[in-house]
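So that you can tell them apart, the chains are marked A, B, C and D in the order they are listed, and the count of residues begins at 1 in each.
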Amino acid sequence: MNNQEVNGKMELHIKGLIAAPYAPFKEDGSLNLPIIDLYVDHLVDEGVFSVFVNGSTGEGVSMNVEERKKVAEKWVEAGRNKLTAVIVHVGAHSIQDVKELARHAATIGATAIAAMPTTFFKPSTEVRVASYLAEIASSAPTLPLYYYHINALTGVNISVERLFEVIDNEVNVPTFRGVKFTSPDLLDYGRCIAYGKYDVMYGLDEQLLPALSLGAETFVGSTYNYAGKLYNGIIEDYNNGDMVAARQGQFKSHAFIKVLLKHTRTGVDFCSITKALMVLCGVDVGPARTPMNNMSKGQILQLKHDLQEVGFFEWK
Amino acid sequence: MNNQEVNGKMELHIKGLIAAPYAPFKEDGSLNLPIIDLYVDHLVDEGVFSVFVNGSTGEGVSMNVEERKKVAEKWVEAGRNKLTAVIVHVGAHSIQDVKELARHAATIGATAIAAMPTTFFKPSTEVRVASYLAEIASSAPTLPLYYYHINALTGVNISVERLFEVIDNEVNVPTFRGVKFTSPDLLDYGRCIAYGKYDVMYGLDEQLLPALSLGAETFVGSTYNYAGKLYNGIIEDYNNGDMVAARQGQFKSHAFIKVLLKHTRTGVDFCSITKALMVLCGVDVGPARTPMNNMSKGQILQLKHDLQEVGFFEWK
Amino acid sequence: MNNQEVNGKMELHIKGLIAAPYAPFKEDGSLNLPIIDLYVDHLVDEGVFSVFVNGSTGEGVSMNVEERKKVAEKWVEAGRNKLTAVIVHVGAHSIQDVKELARHAATIGATAIAAMPTTFFKPSTEVRVASYLAEIASSAPTLPLYYYHINALTGVNISVERLFEVIDNEVNVPTFRGVKFTSPDLLDYGRCIAYGKYDVMYGLDEQLLPALSLGAETFVGSTYNYAGKLYNGIIEDYNNGDMVAARQGQFKSHAFIKVLLKHTRTGVDFCSITKALMVLCGVDVGPARTPMNNMSKGQILQLKHDLQEVGFFEWK
Amino acid sequence: MNNQEVNGKMELHIKGLIAAPYAPFKEDGSLNLPIIDLYVDHLVDEGVFSVFVNGSTGEGVSMNVEERKKVAEKWVEAGRNKLTAVIVHVGAHSIQDVKELARHAATIGATAIAAMPTTFFKPSTEVRVASYLAEIASSAPTLPLYYYHINALTGVNISVERLFEVIDNEVNVPTFRGVKFTSPDLLDYGRCIAYGKYDVMYGLDEQLLPALSLGAETFVGSTYNYAGKLYNGIIEDYNNGDMVAARQGQFKSHAFIKVLLKHTRTGVDFCSITKALMVLCGVDVGPARTPMNNMSKGQILQLKHDLQEVGFFEWK
C-alpha cells in the first residue's frame, strides 16, 4: 500500500475514486463475509482501487464492535495485492469503542483510519473536534487519520478550514492527514484545497465535477460501487480539457441519482435502495439492517425499470 | 419491586420522581462503581426511589457495552430493598448491542428497560419505531419496555399518541408499557394521557407542574438527582390544591435551571455543569466523558456562587 | 376601553380570552368588511371580549397596508361598546409600513398595538429586537405596545425574559407593556410570569391549562374564535380548583385540534381549515388568501363529519 | 434591451454577471436616488452590465411599495444605453403589493421581473409556487418572469427541476423564463441546466466556477458589485480552458468572502458589512436599514485592513 514514512512523517496520497462499500449481510441479518472477495474483483473491474470501510454507506454504526472488526479484516485480506488503500472508519458513540477499533485497524494493516464525530453528544467546536481526534490518534499512532465531515448527518457544523488551523496551531493531532468532506459547502471546500497541506477527499458523488473544478483529486462515495466507469470517464474528460463531455457524464450521474432519490419517496431508505441496486449489479450485499427498511421485490423491479429508462445499465 | 404479572400481563406502576443518575467516573475516565452505594442513599434522602440508568443524563451511549452492564448491575444491587424501580436504558447505534443489553437487564433483575431510537440512521415513522421496539422486546420478553421519546436530541419526530395506536393495531410489542416523554409538546402529551392505557412519564423537569395539570403522575429527570425535595414539594402542593405554592416551587426550579443554562454559554456542556453540581451536593460522580468537556475549578466556584445567590442550597 | 393613564404610565389589564380573528374575504379575495359586525356579536356570544387583529391567524401580512387599515378600523368601530380591547398587529417587512400602521392604529382608537419582528431579515438578539420595538413605539407614543413572540414562525429565537431585562436596563421602549407568547417553552414563560411587571399573554390554545398552572391570565388564540365557551369553562374549572374537570376540557380541545391537524395532511394550510370551520360556525370569513390554499367542498364535509365524531359541536 | 418577441414568445438571453445592487440610503435612512447614476458607471467600469434590483442584497422587502418603485424607476432610467438588463424583484408578503410592483415594472420598461415566494406563510410545494407565479404573471403579461430560489432564506425547499416540470405540464405561467438559483444544491442545479429550456442564473458567487463547470452562463450576486473584474477573469480563464487560473481566481474570491464572513462574528449583518465595503469602493450606498445593524467606524477600518491583507484591493 502507498503509505510511507518520509522524514518521519507519514505520507499517503490516494488519488481518484474510493468506494464506500456496503455492509455484507445475509437475509437473516448476519454477516456475509465471503462475498467481499467477489466485491473486490467487482470494484477493480469498475476501475475503483480503494475503499472506505464501515462508514455511513457501510452501516458501520449499525454493527457491533466485533462485526466491524471482522468486516475490516476481511477487506484488508481480500484487497491484498488488488486494492491500493483500505481506510477503516472507526467512529462510534463511545470513545472506548472508537479506540478499540482504531487499535484493531492498526494491527490488521489498514491503510488509514477515519472518524466522524460522536453524533448524540456532539463536539460543537473545531477545538473540541480536534481534541477528540487527538484522543483517537493516540490509540493508533502509526496510522494516518482522517476526519469524516458529514455535517448534514452528524449535526456537527464546523468549518473544516478552521479545523486545519486548530490542528496546526492549538491541538496537536500527530497522525492527522485530512478529511472526507461530505458537504455542498464549496467555499469551505475550496479553502481546504487552497490550504494545501491536507488531503481533502470529496464525498458528494453528484458534485464530482464541480469539486474537480476546484482542484479535488480524491473522491469517496457510494455510487462509485456500481458506476465507477462513468465517474472515471468524467475525471478523464476533465483532465483532457473536454468540459462538455465531462458535464454530460455528470448529468448522467444526476439522472440515475434522481431515480434513486425518487424511490426514497416510497419511504425506503436511500442506503437500502442502493443495496438493492448493488445486488442488481452482481454483488449480493443483502438487505440493510435495522433501523433501515428494505425494498419489496416489486419495488426492486420498478427500480430496475426506472434505471433502464434513463440508460443506467448502458453507461456504467 | 412493584412489577407483577396479573392475568398474564405485566403491570408496573411507578409513581412520582425517577432520577436519571449520572455516570460514575473517576478523574481518569474509568468507572467508579462504589459511589453508587452512596448515590442510592443520597437519592433516598432526597425522597427519590426510582432511577432511569444509562440514559442521556447517564451518558449511556458514551460507555461501551461492558461498562453499561456494570453500571446497570451495580444500580440493581445497590438499590435492593432501597429503591422501587431500576429502569435500564438500552438504546444504542447497533441493534446487536441493544439486544445484548436488553437480555442482560433481564438477567440482573432490572425492573424495566427503555430505549431511544437509533439516532444516526433514524426510524422515521411510528410504524418503524414500533418495529424497532418489537425487535428489542423479543430479546427480553419478561421485562416491561418503554420508548424513550426525546426528539430534540434524536431527531425522530414522531407522534407518541400515534405510536400507541400503531402498537395496538399494527405492530405487536408484547412488553410495551409506555414512554418517557421528553418534549414540550403538551398536545401530544395530553393525548397520550387521555389514551389511558400506557405510562407516560414526563421528562422536562422545568415543566413538571404544567405536566401535573394534564394528569402526569411520573417524572424522569436529571434535576431530581439533587433537588428531589423541591419537586416532591411541588407535587404535594398540587395534590393539596395549593396552586400558588406549587407555582412558587416551579419558579424556584426555573431559577436554578436558568443559572445552569447561563453557564452553558461558557461553552461547557449542560451535563458536565450538572455533574459538577452533583459533586457539590456530595456525590462524586466525576467528570463527563469525551466528547463532553468539563468546568474549570474557577467556573465551579462561580456556579456555586450563582446558585447560592438564587437560594438553591436553601430550597433543596 | 380599559386603558388608563396612572401617574403618567399607561395601564392595560386585559384578562381572559382574546380571539385572533380571521381576515374577512369574499370569494374573489377582496375584503368583506361588513361581516365584522356579525363577527363581533358571535365572539360576544362565545364569551370572548377582546381581539388581536391582523396577526398570523388574521393573515395580516397577506394584506397590503390599505387593507390592514380598513380591517383594523372596522374592528374598532364594530367593537365599540361590545369589546374590551382591540389590539392591532402592525408587524411587516418594512419599518416604513410598520410605522404607518402604528400611527394609524393610534388615530382610530385601538387599545394597543403588537408587532412580530421582521422575518426575512431578522433581528437576532434581544437588544436588536428591543431597538426595533423602540422605533415602533416612537410612532405611536400613546399606545401600549406588545411584542409578538412566535419564534417557530419568525425564526427569531430570543429569550423573552431577557428581552424584558434589556428593555428595563439597556434600550428604553416607553410604551412596552408585554408580550404575546406563542411558544411551548414554559421555562421562559414561567420566568416571564415571575418577572411580574409585564403582561404575558399565552398563545398556544392547546396548552391553556398548563399555562394557567404557571399563572397565566390572558390568552390569545385562533380556536377562541369558535370554542370560547369550552376554554372559558376550563378557566372557570381551574379557578374553582377542579383540576379534573379543567383537564377534561383541555382534552376536548386537544381532540378537535387533532382533527384539524389531521386535515393538514391533505396539504391544506391550517389557517384555511379553520377558516372553513369558522364558516361552519356561522361567520363567513371566506377563503384564505394566496399563498394559502383552501379546502374543497368534499374536504369541508369530511371536516364537519370528523368534528362531529369527536363531539365538537356539542361542547362549543 | 435584449428582450425580443420571436414567434409570439418572449426571448431573453442575459449572459455573464448580473449585480444585485445595494439599496441607496442616506444616513437618516431615506432614499438616496441620485447615487444610482454613479452606481451604473461604477458597474460598467467593473464590466457588469445587468442588475437585479430590490432583491435580498437590495433590501427590497425593507422598503415600502413607493420606495421600491422609485428605486426601480431610477435604475431603468440611469441604466438606459448603459446596461443590458434591469430585472426588478417584486416579491413581498402581500400578493396585492406583488402585483402592483409587477404592473409598475412593466410600465417603466424593466427588462424582466423576479419574485421570491412569500416567506411568512409559505407555498410549500412546486404546484403552489407555480400557482403563485401564475398569479404574478397575470399582472405583467409582457414581462419575462423569474422565480427567485433562495431556500435557505425563504424556507421554501422545493426542487426547481420539478417546478419546471409543473409549469410545463400542470400550471401555465406564460411569461416564465427561469430562475435565479441561490442554493449549493448542484444536483438540482445540474438537472435544471440539463432541462435546457429555461435560464438558470446562479446565485452563489463563491461557487461561480463550480457552476461554470456544470454549464452555467449567467450569475447574479452581490460581490459582483465590487469585484466584477475578478469574476469576469474567472469566466474568461474558464472559457480559455485554463482551469488552474480560473481556480486561482475563485480562491481569491473565497479569500475576501472569508474576511467578510469573519466580520459577521461581531454581530453585524453580512449585507451591512458589504455596504460598508461598497462605500470603500467609491459608491456611497449608505447604511443598511432596520432591522439590520451597521458597522462602527472602527470596524470599517478593521475591515479595510483585513481586506488589504488578503490583497482584495489589488485584484478587483
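Basically, a contact is a pair of C-beta atoms (placed from the backbone, for glycine too) under 8 Å apart; a residue touches a chain by one contact, two chains touch by 3 or more.
Given the structure is predicted, the values throughout are model-derived calculations rather than measurements.
Asker: Taking all residue numbers at the chain C to chain D contact, is the shared part over half or under half, that is, same or different?
Answerer: same
Asker: Work out the mean Cα position per chain and let me know which chain is farthest from chain D.
Answerer: Most remote chain from chain D, centroid-wise, comes out as B.
Asker: Using mean CA coordinates as chain centres, what's the chain A-chain D distance in Å?
Answerer: So the centre of chain A lies 36 Å away from the centre of chain D.
Asker: Chain A to chain C: how many Å between their CA centres?
Answerer: 50
Asker: Could you list the positions in chain C whose residues touch two or more of the other chains?
Answerer: Within chain C, no residue contacts more than one other chain.
Asker: Dump the list of chain pairs that touch, please.
Answerer: The set of touching chain pairs is A-B, A-D, B-C, C-D.
Asker: Across the complex, what residues on chain D touch chain C?
Answerer: Going by the criterion above, the answer is residues 56, 59, 61-65, 67, 92-97, 100, 117-125, 128, 131-132, 135, 153-155, 267, 269, 271, 289-293.
Asker: Which part of chain B faces chain C closely enough to touch in the complex?
Answerer: 161, 184-187, 190-191, 193-194, 206-207, 209-215, 241, 243, 246-247, 250-251, 254-255, 257-258
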